[in-house]
Amino acid sequence: MATINFGYTISKPRAIDMDRNNLRKSDEILREMPELQACIGCGSCTAVCTAGNLTSFNFRRVHTLIRRGEYQGAYEEMNKCMLCGKCRLVCPRGINTRGVAMLIKRKLGDNRS
Amino acid sequence: MTFFAPFCLPFIIGAAVMFTVLLVKWGVWLYRLPRTDKMTILRGIPTRRTPQAVGEVVGEALLHRSIFRVDPLLGYMHMSLAFGWFLLIAVGWIETVAYLGLRYVPLQGHVFFKYFATGLEHKPVFDFVMDLLLLFVLSGVALAWFKRLRSRALGLRRTTKHVLGDRVALSALWFIFPARLVAESATCGLYGGGSFLTGSLGGWFSAHLSVPGLMNLETAAWWFYSSCLGIFFVAMPFSRYMHIFTEIPLVFLRRYGVRSGEKASSMDQFQTQACSRCGICIDPCQLQSVLHIDTVQSVYFLRDRRYGMLRPETADNCLMCGRCAERCPVHIDLNTLRLNSRDALRNLPDERRYEYLRGLDRSSGSGKVGYFAGCMTLLTPRTLAAMERIFEAAGDAVWWADREGGVCCGRPLKLSGETDAARKMMRYNTDLFRKHGITTLVTSCPICLKVFREDYDLEGIEVLHHSEYILRLIRAGRLLPKHDATRFTYHDPCELGRGSGIYDEPRAVIEALGELVEPSETRENAPCCGSSVANTAIDDGAQLQIARAVAAELEATGAEVIVTACPLCKKAIGRGAQQPVCDLSEVVAQRIG
Amino acid sequence: MMATMKRKSWSEYQKQIADDRYYYARSCIRQNFFPGSEKAFIDILRGDLGRDLLDDPKHSSCTGIGYHSDIVPLETIMTVVARQFAMMTEAGYENFVSSCITSFGVYTEVLATWHEFPETEERTREYLFKATGREFRKPASLAHTSDVMFHFREEIARKARHRLVNVQTGEPLRVVEHIGCHYAKIFPKSGIGGCEFPYVLAGMVESWGGECVDYPERRHCCGFGFRNYLVQANRGYSIANSHKKLESMAPYKPDFIVANCPGCAMFLDKWQYAIAEMEGTTYGENGRGIPVLTYEEMAGLVLGYDPWALGMQMHQVDVEPLLDKMGIEYDPAAKYLGRNGKYIGKPASAVVNACPPDAIYDIRE
Amino acid sequence: MNKRVIVIGGGAAGMQAALRLKESGVEPTIVEREAETGGKLRDWYVLFPSFTPAADVLGELRRRVAERHIEVMTSTGVKSFTSREVTLDDGRRLACDAVVLATGFTLFDASLKEEYGYGLYDNVFTSADIERMLSRGRVAKADGSRPRRIALLHCVGSRDEKVCQQHCSRVCCITGVKQAMELKKLFPEADVFNFYMDIRMFGPGYEEMYREAQQKYNIHFVRGRISEASPTIDGRVQIKAEDTLTGRPLRMSVDMLVLLVGMRANDDNAALAEGAGLRRAPSGFIAPRNLFLGNVESDAAGIFLAGTVSAPKNIGETLNEATAAADAAVEYLKRS
């Protein structure tokens, strides 16, 4: 192919493309933990988060993106979680957030189990 | 005198298979033990731990003292089977010697002595003793049958559900002794001998059956008896009855100081296969009693793990409260096994994790006493304020490790199985404590306390739970709380009580404040609040159900204030209780100056 | 297609378009990149339609590019616009038509601002007078030149020598119409058909026998976006927008794209070259690119103008396949002959025109 | 008491008000513009949050109206009215002692939000269309096939200054949840997405229903308003929104796009209000005399308001209000 250095390249779209995203893992996660779908995005989990207090880790955003089929970087992000469980104590919808964190890591990281 | 008849074959083959498998298994497990463990064993053999182990084997493996403590009838059942059978073998041996003098008799000769000894003159004493022992064992078998039908009568609300291999072994076991009774009785009927049991039944046989009929019965009965033994022996190493022999090396290893750890090791095999699946662990489990979940208890966990069918849902669904381990007659280290199973399922060494901890320090203040609130305590600010008040009253200068948000102690992550990642947090906190030169570390979170004491290398730093610290201050006269007529009740947090053995200190503190009334289940038997960080499987509603059950027990004491010493217990019980739920530090702080 | 058939809402967005006597304001970009289009507009208006139109050499840039790049302040552009109106007033015209979409947007915006905040108009009059001594009247009608072309679409259809029909198959040509953002997205009422379903180009296409394609990214911007193109660091974002549109329209196999905005026509055409070079993707039949026409070029072809006289040799994507489809006769040899038959030079062939893919170019040459 | 009250509007509010008036010994007359009573309830399939068939409620109201011999004038429009006289479209004048205004609301015309392509693209529907399809027992794409992915868009014609509807229509959120559940029940294999700006679950059992939709029905809720809909080459609808909770634009193709249309004030509210001396709220609905102590009374003595003529309401509130309006009318007649 011809090669020209234009000094820029075509930017990748930022949009979440639900037609292209593979929702299989997202569906599996929701099947195992239907309560995650009950998230109302209040952000309590992120506000109280021990790791979020020290880094840009945002549990709510990460699991929301995963539910939309955006897995890129989610496992690495999720690994910032210390699993301390404060989020579970504050979730107004009673979501088992620690279970969600572990499930996400299991589905997106090691597939040994 | 030949000690062989064709019917002996099933027994001989069965026994050979069993002993071979047993020896191979133990050999492999021992061989695979880490080198340090092997050295520990070698160093332990010439000490008094060996006779202690022998004593424990007799007390537990034969007499089943622990089960007696759970329920006398259940204890009797186990003892009659184990000790009775042992005595049958031992007395049988003596009987052979008594009849034949000291000479080599093959194994089947001892076991089927009644069959081979028809030509010898009877020794009625042995006939009587052997019949008595047989009756003793048969009474146990009858109880076992009865237990299958009605477990509650034997002090168990639930009984174990078995896998197919177990059912085969169990059926064989149930028939061994009745078959022996029939076989020996038939022989006695034909050739005389026997005492009140075999003799009487033999007499009855000869009175009601023709000689050829009785001879056929005799042959069939001995075949059946031998076959039952053979089947049982073959099935035994692959069934729960493996525990019969495995408990013995386990007792020795434990006495020598070999332990299972957060990583799976060969020691785990001795523990998992020493589980008799008696099901005693099912009853204390709150997942069973409150939530009616009956597939995840230690007995099932060990079973699934042993047969390689452990699913994360089972491994994760445990509060790790330790109530089952407290009652386990074999003293299997259930929580550790559960933990290293989770490690095997989930641990992924990843060096890049928690890189963000590098150079982080959000601590404040300075002093020789360090206070680590823990993540959960940051959600119970009243505890935090109370601790501040107590430090102030005691005049201790305090270094606050994590009041502005710190790094988790690592125990929740470890309990989930990510042990390597947890280590990174532990190292970070250790370095932080050392950097600030504290000599005492106080925490109000029992979860943190346990990990500080067990997994942190904090030599030179005394780690105290706030209940211990407060009691010390009171005893030293540095804290003078007012005593009044308030009636308190106290909930033992799992990690503090069973986990760290701290039962008395919080009680002593409460007694310095008012009257303490104990709930029905307390200390070692105290229930879990339900919100344990070790359980990531049950949902919020289930946690609440457990909390309500616990709160109801505490409220039944009639106390005005429910006191606990764990932020998580406080939050959990607070959801289920009508009465105020306070941390120990709060009730102390309310009553000083 | 379906949407075009059902589309009725355009009739709710109508505007007054003057019938004659236009004051013509040229476009900066088009004067340079599509000079043939502006000339064609003047020729069609004067020659084919017999209308009066003043192509005033004294008017200037509206400075819209500077304005949308945050370089030119509002007061300045208002004064510049006021000067354009003064030129019109002095020439005795009152129907202002702008060749550029952004200029059209600027004039619309300035007039609306003066309407809502009369004090700004007062101040602008003052500035203009101080600076140039001129005074102006606001135009009686303001239109984009595509509005004018739309206005005469039936008249042009009656004079048509060619129709937007594939002469081989008799099928209508599939046309992607692309409307410049500043046409109606700022003031929906300012465009024919509003901003969601503008009808200005679709109306011409339908009247001249073609068929419009409604594809998912129809409304999307071409990506010019002023700063997004002008600053090289942002240019990847600019091209990504055209890329998105081309990807979205490709399955519909359009025969050509028609645009009414200087930037859009340029970028939808030229980016096809850059995309082909960057990732090897070429669109259109046999990978020969999708020709991009201005509406004047489209009207010119319909009226039988010579494609080279319309300046279509200036396109990045070769238009010959389209001309063949429409049955337009042209002299291939004359493509690069200038006004006086003088050879004006021929560009190197490019991937986008289906030349051998192993060719190596250096843009600096 | 030999008094006559004219109830303008024969929907749920009008019928309930008339029933209550009759019960209190006043002679009501229902004037209904349509050929039958029932109003908007006629087109509704089941009612949230209990999935009670709307026909059950409507049937019972109609049965009672017939049983109590309440005079109903159907196909009769009202041109203007005062508390003492109602002028019909045909010029007839009906004398009365008081009026209960129960003319309800108008459904927002979704084609005004033309960026959503209602009326343009075959697979764009309104919530009212879905109710009708559910009533007929056949919900399907335009080509009759089963949808695999459905999007419901909240707040179409509500809380939207661009179409001059700044008020919240209140019931669309719960309708969206209800219809999402119904669609999921019909098409278990389909993914259902609700795009919302805020979820407003104001009624009893609504929040619980919302949670059930999320957790039990696996309905996806995306916080973000759809900006535009366009057709795809295979006859689906491509929609674009921002997933505001992740801060990323989002787009997808759906087989059905359902627009949850809001309640807007009737066009004739202005003329009726002017003729009768009533005041209108900025939303165009008729303003009650006092939002707290006179919320079924109007500014004009002898004219009472029942149901959604004064603001968007659900059926339960509408029925309560109709009772209250009738009681207030009876009180008024006793005093005058």
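Letters A, B, C and D mark the chains as written, and numbering starts fresh at 1 in each.
Basically, a contact is a pair of C-beta atoms (placed from the backbone, for glycine too) under 8 Å apart; a residue touches a chain by one contact, two chains touch by 3 or more.
Every value quoted in this text rests on a predicted model; they were computed, and no experiment measured them.
The most centrally placed chain, judged by C-alpha centroids, is A. Here the CA centre of chain A is 39 Å from the CA centre of chain D.
In terms of their C-alpha centroids, the spacing between chain B and chain D amounts to 64 Å. Computed centre separation for the pair chain A/chain C is 44 angstrom, with centres defined by C-alpha atoms.
We define each chain's centre as the mean of its Cα atoms; on that basis chain B and chain C are separated by 83 Å.
Chain B has no residue in contact with two or more other chains. Of all residues in chain A, those touching 2 or more other chains are 35, listed in ascending order. Contacting chain pairs (ordered by label): A-B, A-C, A-D, C-D.
Across the complex, chain D is touched by residues 14-19, 23, 30, 34-35, 37-41, 60-61, 64-65, 67-68, 70, 93 of chain A. Residues 1-13 of chain A are the ones touching chain C in the complex. Note for the complex: chain D touches chain A at residues 191, 199, 211, 214-216, 218-221, 223, 240, 243, 245-253. Interface residues of chain B facing chain A in the complex, by the touch rule stated above, are 311-312, 316, 345-346, 348, 350, 353-354, 356-357, 360, 375-376, 378-379, 405-408, 410, 412-413, 416, 418, 421, 425, 531, 533, 536-541, 568, 571. Chain C makes touch with chain D in their complex at residues 2-3, 6-7, 9, 194, 196-197, 214-219, 251-252.
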